[in-house]
Amino acid sequence: MVVINIILYSLFAILVGLIFMGIGRKVSARMHLRYGPPFYQSILDIFKLMSRKSFTHNFVMDLGMVMALAGLLGTMLYVPIAGHSAFISNSNIIVIMYLMAIGSLGMAMAVTASGNPNATIGISRALTMMLGYEIPFFIIVLGLIISNNSSSISVIAASQAGSIWNWNIWHMPLGYIAMEITLQAMMGEKPFDAMIAPAEVASGPMVELSGKYLGLGLLTHAVSIFVETGLMVNFFFGGGSNPIDFVIKQLGIYLIAVIFDNIFPRYKIEQAVKFLWIFPTGIAVVQLLLLAF
Amino acid sequence: MNIMLMLLVVPLITAFLTMAILKHQKTVWTIFLAVSGYLSYALFTMYGKWDLSWSIELGFKMFGKNVVLSLINSPLGWFFAFFASLTTLLIAMFSIAYNDEKHDSKTAPIWLLLIFSNIGIFFAKDWLMFFIMWEAMSTTAYFIIAHGKEISAKAAKFYLSISLIGTSTLLLGIILVSRLSQTFDIGVSIDSLVKLFSTNYSAALLYIGLFITTFLIKSAIFPFYMWPSKAYAESPDDFTPFLSTVMSKYGVYGLILFILPILAKSDLPMFGKISQPAYMLAVLGAITSVLATILAIFQTDMKKLFAYSSVANVGYIVMGLATMSVVGIQGALFHSVNHMIFKTAIFLSLAAVIYRTGERDMHKLGGLVYKMPLTFLVYLLAIISAAGIPPLSGFTSKWLIVQALMAQKMLFVVVAMIFASTGAFMYLLRCLASVFLGQLPDKYKDIKEAPLLMAIPMTILMLLTLAIGVIPGIITKPIDAVLTGMGYNVEPSSWTTVHTALAKSDLNLTYLFYVFMVACVISLIMYLISGKQEKIDQIDNYTAGENPLEWDTTPDRFNFAYGFYQPFKQMFNPMLDLISFERWMSSFGRIVERASSALSLLYTRSEGAILMLYIGIAILIIGGMM
Amino acid sequence: MNSVLFLIVIPLLGAFLALFGKKANRIVAILITAFTEIFSIMIYLSDKLPVSVAIGGWQAPYGINFVLTPLSVGFIVLINLAAIISLFIIRGEKEYQFYSTYLVLLAAANGIVLTGDIFNFYIFSELTTFAITALIAYPRNRRSTGAAIKYLILASTASSFLLIGIGVVYKTLGTLNIADIASKIDLLNPLTLELIIVLILTGIFVELELFPFNMWVPKAYFAGTASVNVMLHGMLGTAGAYIIARILLTMFAVNGSGMLVNANIANAIIVIAMLTIFVSEIAAFNEKKLKKVLAFSSMGQMGLIIFGFMIGNEQALTGAFYMVVANFLAKIILFVLTGEFIAMTGSDNWEDMKGIGRKHPVAGVSFVIGSLSLMGVPFFAGFWGKLAVIQGAMSGNSFMITGIVIILITAVVEGVYFLKISHTFFLKKEDEKEFNAKARIHSIVIAAALAVIVLAIGVHPGLIENNVNRATNEILNSTSNYVDVVFPGRY
Amino acid sequence: MTMSNIFLISSTSLIFIGLFGVLTRKNIVKILLSLNIIETGINLLLVAFGYKEGGKVPILTSSDSINHLGNMVDPVPQALVLTSIVIGLGTTAFALGLTIRYYKTHGTLNIEANDEEEVTAHE
C-alpha cells in the first residue's frame, strides 16, 4: 500500500512540477511579449527526450542521473502535501535538507563524469551557490524550529491551521522576505543562475546531457520545483487545507520566482554568494533574534 | 592472565618481536594484523564486563603512598577502544598489501607501541597511567609520521612541537588536580574539581583549561587546527587513516571522560540553556568546523584536503559534546564511530590511488573511475556518508548533533554546523571530480584496480557505513551503556529509530532507507523504460570530434581541477591571510631559532666569560640582599 | 676503614707509574678503575656506613677526615662507573699523558666526594680543573687548546673566590671541617653568611655548569674526545651534583630541613637554575654540532637537578636524585654513541649523520632511548625524576611555580630538538658511500646496556628506590646526620 | 689604622686589581699575570686573617711556651697559604705551557681568537 502511495505521490509531484515549468515558460514568454509554448509543453518534451537515443560516457553518468532523480523523489515524499503524506513520518526538515543533497550530488557526479570543463565549472558554481543559499535558508528554518520547538514540517504546518491570519507570513514577515530571496537561489533562477549561465558555460551542468539524461535532469528539476515551493507553502502559507489549495499556493510562489527571473540580470558567482550572505542572511538573523529573545 | 593486562602486553611484546624481524615486511604486517585481530576479539568479549580491572604498585612514592597504575574496563573506554581496534584491524589488512618494496614504511613495531598506548589511554583509571600512555602515544606517533623521510620529518616536527605543548599542559594539569585530591584517581579528581568550582571558580577554570588545551591540541580544535594538514599529509599513507580517525579521538575521549562530568555536576554561570564553559567549547568547535571546511575547500593536495575535513568533523563532535545533553553526547559518540568508518574508507581509497599512481595532487589525476571502479565506489559511499547524506551512517550522527544543538538553542553554533556540512559537499565533490571523474591522463592508462587485500577492508568499510546508516541500533545500543555509565538516565534505544529532545522529531532510519530505495526503483524504471544509450569517448562530445592531440595538447588538460573554487577563494583570501595561525606559529619558530643561534654564538665566542661570571656573582649578591 | 684511602691513593700512584708505562697504560688504568669501582661498591653494600675516617689519626676538627655516608659512596660508585666506561670507549689516545692525567682526575673526583674538609675540597677541585684541562687539551689542536685555556682561566678565577670564601669561613668560625662548619653556621651574622655563601657558590657554580658561569661548557665538550666527554659529564658533573647536596644542603643548610640557610640566596639560585634551563635548551634548539647540543643539554639537566635540590622537600629531593641517576645514564649513552657517530661520518654535524640508525639499529634505538629519558618521557628513567621535581615544586613559593612553567616550556623545545636529531639517524643516506670508520661493537654494547637500565628504571622505578630513599633521608636531615657521623653525640 | 686593616685593604685592592685585569685584558699572558695578582692578594688576605698584633711564632720552643698559647699567631692560615702558593704555581706553570701551545696553534696571544671551532672534526 505504502509503495503504491509512494508511486502515486511521485507521479503527482512530477506532473505538477512539469506543468509548473510549462506555465512558467508561458509567463516568461508573455513577459517577453512572445506567445510561448502551451502549458503542457514540458510533458511533451519529456516524452520526446526519453524516447530518443542518447550518449553516455561511462556508468557514472547513468548512476548519477538515477541517483539525482531518486534523491529528489525521496525528498518530495517527506514533504507533507496539505497534511497528506505518502507514509507516516515526522517529515523532519533536516532530513529534507540533507536528502536534497543526494540530488545535487548525483547530478554533479553525472556531469563531471563527462569530462567537459563547462560542466565541471557549472558544478563548481552550483556547489558554491549551494553554500551561499543554505545559510540563510537554514537560519529561517531554525527560526521556525525554535518557535515551534519541533523540527517536523507537519507540526510547523499544523501550527498555522485555522484562519489565514495564523500564517507565518504575518508572524515572521522578515523571514518570508529572506526566504523569497533564498528560494530564488535555490531554484537557480536569476539573478542567481550563474551555474547554468548559458552564455558563459553553455548551460553548465546540462552541456553534455542528451536524450534521456536530459529528460531525467528535467524531471529532477521538476520535482525540485515542487519540493522547494512545497516547503515554502508549509513554512509560511499554512500548508494548505487540501491538495488543490496547496498546489495553487505553490503555483503562486513559483510564478513570483519566474517573474523575478525575467526582470533581473545575472550575478557573478562570488557576488551572488556575497549578496546571499549579506541580505537574506542578515534579514533572517534579525528574524531569528526576534523569535529567540 | 588478566585480560586487561593481556591487552597491553600482547602489542608490547609483538612490538619488540617485530623489531627483531623487521626485514620480513609481509610477516611483520601479518603479525600486526593478527594482533589487531586479537585485540578486537578480546575487546568484543569484554563488552558488559564492567568490573574488569588491573593494577600494579610501583616502588615510587607520591603523596606519601606508593604510586599505583591501574586499568579499568569502563563503557566509555570500551566504546572508543573497541571501535579503534576494529578500525585498526581493517587498516592492518590494507597495510599488508600496501607495504611492499616500494612503499615500505617499516613502522609496524612503532605502530604496535602506539596501539599499546592507545589501549592504555582508553582504559586508564588514574591520571598517571593516562599521562604515561598519552606521552607514549605522542612520541611514537612522531616517529611514525616522520618514518625516515626528510619531508615527513619536517611535518612531524610541527606536529611534535604542538603535541609536546599539549603534554606539558596535561602534566601541569594532572599535577595540580592530583595535588588537590591527593590521589591520581580520575573519578576522585572529578569530584574534587567540582568542589573547587564552588569555592574558587577561576582556579578551577584554570585547572580544566589546562586539560582542555591538551585535548583540543590532540583533536586539532581551534586554535590548534593547523597541524593535521601537515602531519596527516606527510605520514605513511596507510597510517593516515589511523592518525585521522583514531588519534583525533583521544582528545574527544578526554573531554567526555573528564571535562563533561565536571561541567555537568558543577554549578556554573549559564549562557542560555548551557553553562558558559560548555558554550565556549561549542564555539571553539564551531569555529574549527567552519575554518577547517573553508581551508579544505581550497586545498589541492587530497590528503591535506581530508586532513582539514577530519578537523572539521572533530569540530562537529565537540559541538555535540558541548550541548551537555543526552542527544548531543549520543550524536558525538555516534559521529566518532562514523568518522572512524567513513574517514578510514576515504583515506584507504586515496591510499589505494596513491599506491597505484604515486600522485597526491588532485589536479594531476582524473578519470580513475575507469581503472579503479571499486575504489571509486568505496570513495563515493564514504563521501556520501561524510557529507551526512541519508541513508548512510554519517547522516544519523550529524542529524543527532544538529537536533541537540537546536534543542539547546545554540543558534549560531548550529548555523556554523550547517555551514560546515554544506561546505563539506564542496570539498568532497572536488576530490571526487578531480581524482575519479574527468579525463584520464595518458600515463595512467595502464594502472590496475587496487589489490584484493586492499579491496577487502575497503569493501567491509563500505558495507559497514551502509549497515550503520540503515540500522543505527548497532551503534546506539553500546552508546546507551556509555551514557548509563556516565550517569545519564537513558531509555534503551531502538534498532531503527533515533530520538531527539525536540517534539515529534524522531526519525526512523530503516524506513527512510526503504523510502529512498523505492524512489530509486522508480527512477531506475524511468531510466530503463526510456530509449537506448550509446557509449562514446569523452572527447567525442565536447570537442566536437576533434582530437586534442592535433592541437599539441592532451585531453586531460581539459580537466577543470586546479582552481576549482577560484572565485570563492578570492572572497576568502583576505580572511585566510589574517588568521593564518600557521604563519604565526612558524614565525614564532623562527624567533626561537634566531634566539637559539644568538645564544649559541655567545657560547662559541665566549669572550665575555669572565664578565658573565661577574654578572652571576652580582645576581647572587643582589638575590641575597632582596 | 682507613682502607678507603685506597680510592685516592691508588689512582695517584697509578698516575705516577703511568709516566713510565707504555703500552700497558690502558690496562693499568682499567684495572685501577675497576678496583676503585668494586671497592666502592663493596663499601656501599657493607653495613658500616655511615662512618668518618680520620686520616693520619688526627681526629676532626683538627685532622683531615673522610666522611663516608650512603650518599657519598653512592656518588663514588657512579663516578667510577663513568670512569670505567670512558676508558672503554677510548679511540686514539695511547700516550702516557692521557692516562696519567686521567688517573689524577679519578683520584681528585673521588677526593671531592669523600673529603670532609673544605680546604681539601678546594684542593681536589683545583686538581680536577687541571686534570680536565689537560684532558681537553690532549688532542693538541687549535680547537682543544683554545677551549682548554679558556676553561682554565675561568676556573682559576672562580676558584680564587672559593679560596677567599674558605678564608672568611676560617676567620669567622675558626674551623675548616665541613661538619664543624655545618653545626656552627647559625652563629654567623647574616651579612657574613651571605658573603661566604656567595664566594663559595661562585667557586663551585663554574663546575656546576650554571648559566652565567658556564661559558666554557660547550667549548670544552666540543673540544674533548668522546671519552673526555664522558669524564666531563659522568665524573665532573656527577661530582657537581654531589657538591650541591653536600655544600649547599649540608654545610649551609638549616638544621633538619634540607633547605639552604639563606632563603634569599636560595631564590637567587632557583632563578639561576631557571635561567640555565631556559638558556641552554633554547641554545641547543638550533645547534648543528651534536656534541654542543649534548653540552647544552647537560647544562639544562644540571639546572633541573639543582632546581630539584633547592626546593628542598622530600618529593623534590627524591626527584632530583632520580634525575641525577637518569641523567647520568642517559647522557653517557648519548656521549658514547656520539663519539662513534662522529668517527663514522667524520663530521660534527648531526645533519650529516643520516643512515646510521639504519645501519646500526641498536645504536640508533639506544640513542632514541637516551633522548627520551632526558626529555622525561614515561617508560624512561628521566620521567620519574621530572614528575617528582615538578610535584615537589608545586608546594613551593612563586619562584618555584615559575620554574615549573619554564621547565614545561623548555621541555617542548628539548623534545623537538632531541627527537629531530634522533630521527635524523633513521633517514636514508644520501650518497651510497660507506662510512669512514666502523662502529665499535663494544661501544654499542655499552650504550645498549645502559639503555636497558634506563628502560628498566623507567618501567619499574622501584629498582633504585631504596638507594634514592637513603640519599633523600640523609639530605632531609642533612646537618644532624652528617655532624653525627663526624662528631658523635654533638646533636 | 692597625696593621691588620692595612693588610686587609691592600689585599682586597690587589684582588680587585687582579679581577679587573682578568676582565679587561685580551693578552693571555696579561690575564695570567692578573690571576697571579689575585692569588697574591688572597695569600695576603689569608695571612692577614691569622695575623695577630704582637703575636709570636706558633712554635713551641720551650716548655714555657705552653703558657703563652693565646699570644701566638694562628698557624693554620699560614699552612693554607703555603698550599695555595703551590697550587698557584702549578696553575701558572700549566697555563703558561698551554699558552705556548695556544700561540703555536693560533699564531697570537689574543684570547679572542675564536675561529678555533672551524677545524675538522675529531671524535
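Chains here go by letter, A, B, C and D, matching the order in which they are written, and residues are numbered from 1 within each.
By our rule, a contact is a pair of C-beta atoms (placed from the backbone, for glycine too) under 8 Å apart; a residue touches a chain by one contact, two chains touch by 3 or more.
As the structure is a computational prediction, the values presented were derived from the model and not from experiment.
The chain pair B-D and the chain pair C-D differ in C-beta contact count, and the higher one is C-D. Separation between the centroids of chain A and chain D, computed from CA atoms only, is 98 Å. In this assembly, the C-alpha centroid of chain B lies 68 Å from the C-alpha centroid of chain D. For this pair, chain C with chain D, the centres built from the Cα atoms lie 27 Å apart. With centres taken as mean Cα positions, chain C sits 78 Å from chain A. Multi-chain contact residues, meaning those touching two or more other chains, occur in chain D at positions 19, 22, 111, 114, 117. Touching two or more other chains at once are residues 150, 153, 157, 219 of chain C.
Every pair of chains meeting the contact definition is listed here: A-B, B-C, B-D, C-D. Contact residues on chain B toward chain C in their complex (touch as defined above): 19, 22, 58-62, 131-133, 135-136, 139, 142-143, 146, 148-150, 153, 156-157, 160-161, 164-165, 168-169, 171-172, 175-176, 179, 592-597, 599-600, 602-604, 606, 608-610, 612-613, 615-617, 619-626.
On the side of chain D, the complex with chain C involves touching residues 15, 18-19, 22, 28, 31-32, 35, 38-39, 42, 45-46, 49, 76-77, 80, 83-84, 87, 90-91, 94-95, 98-99, 101-102, 105-106, 111, 113-114, 116-117, 119-123. Residues of chain D that touch chain B in their complex: 19, 22-23, 111-112, 114, 117.
Taken in their complex, chain B has these residues touching chain A: 366-367, 369-370, 373, 376, 380, 384, 387-390, 395, 398-399, 402-403, 406, 409, 411, 414-415, 418-419, 422-423, 425-426, 429-430, 432-433, 437-439, 500, 502-508, 511-512, 515-516, 518-520, 522-524, 526-527, 529-539, 541-542, 555, 558-561, 564-565, 567-568, 570-571. Residues of chain C that touch chain B in their complex: 150, 153-154, 157-158, 161, 194, 197-198, 201-202, 205-206, 210-213, 215-219, 262, 264-265, 267-269, 271-272, 279, 282-287, 292, 296, 315, 318, 358, 361, 365, 368, 372, 377-379, 383-384, 387-388, 390-391, 394-395, 404-405, 408-409, 411-413, 415-416, 419-420, 423-424, 426-428, 460-463, 465.
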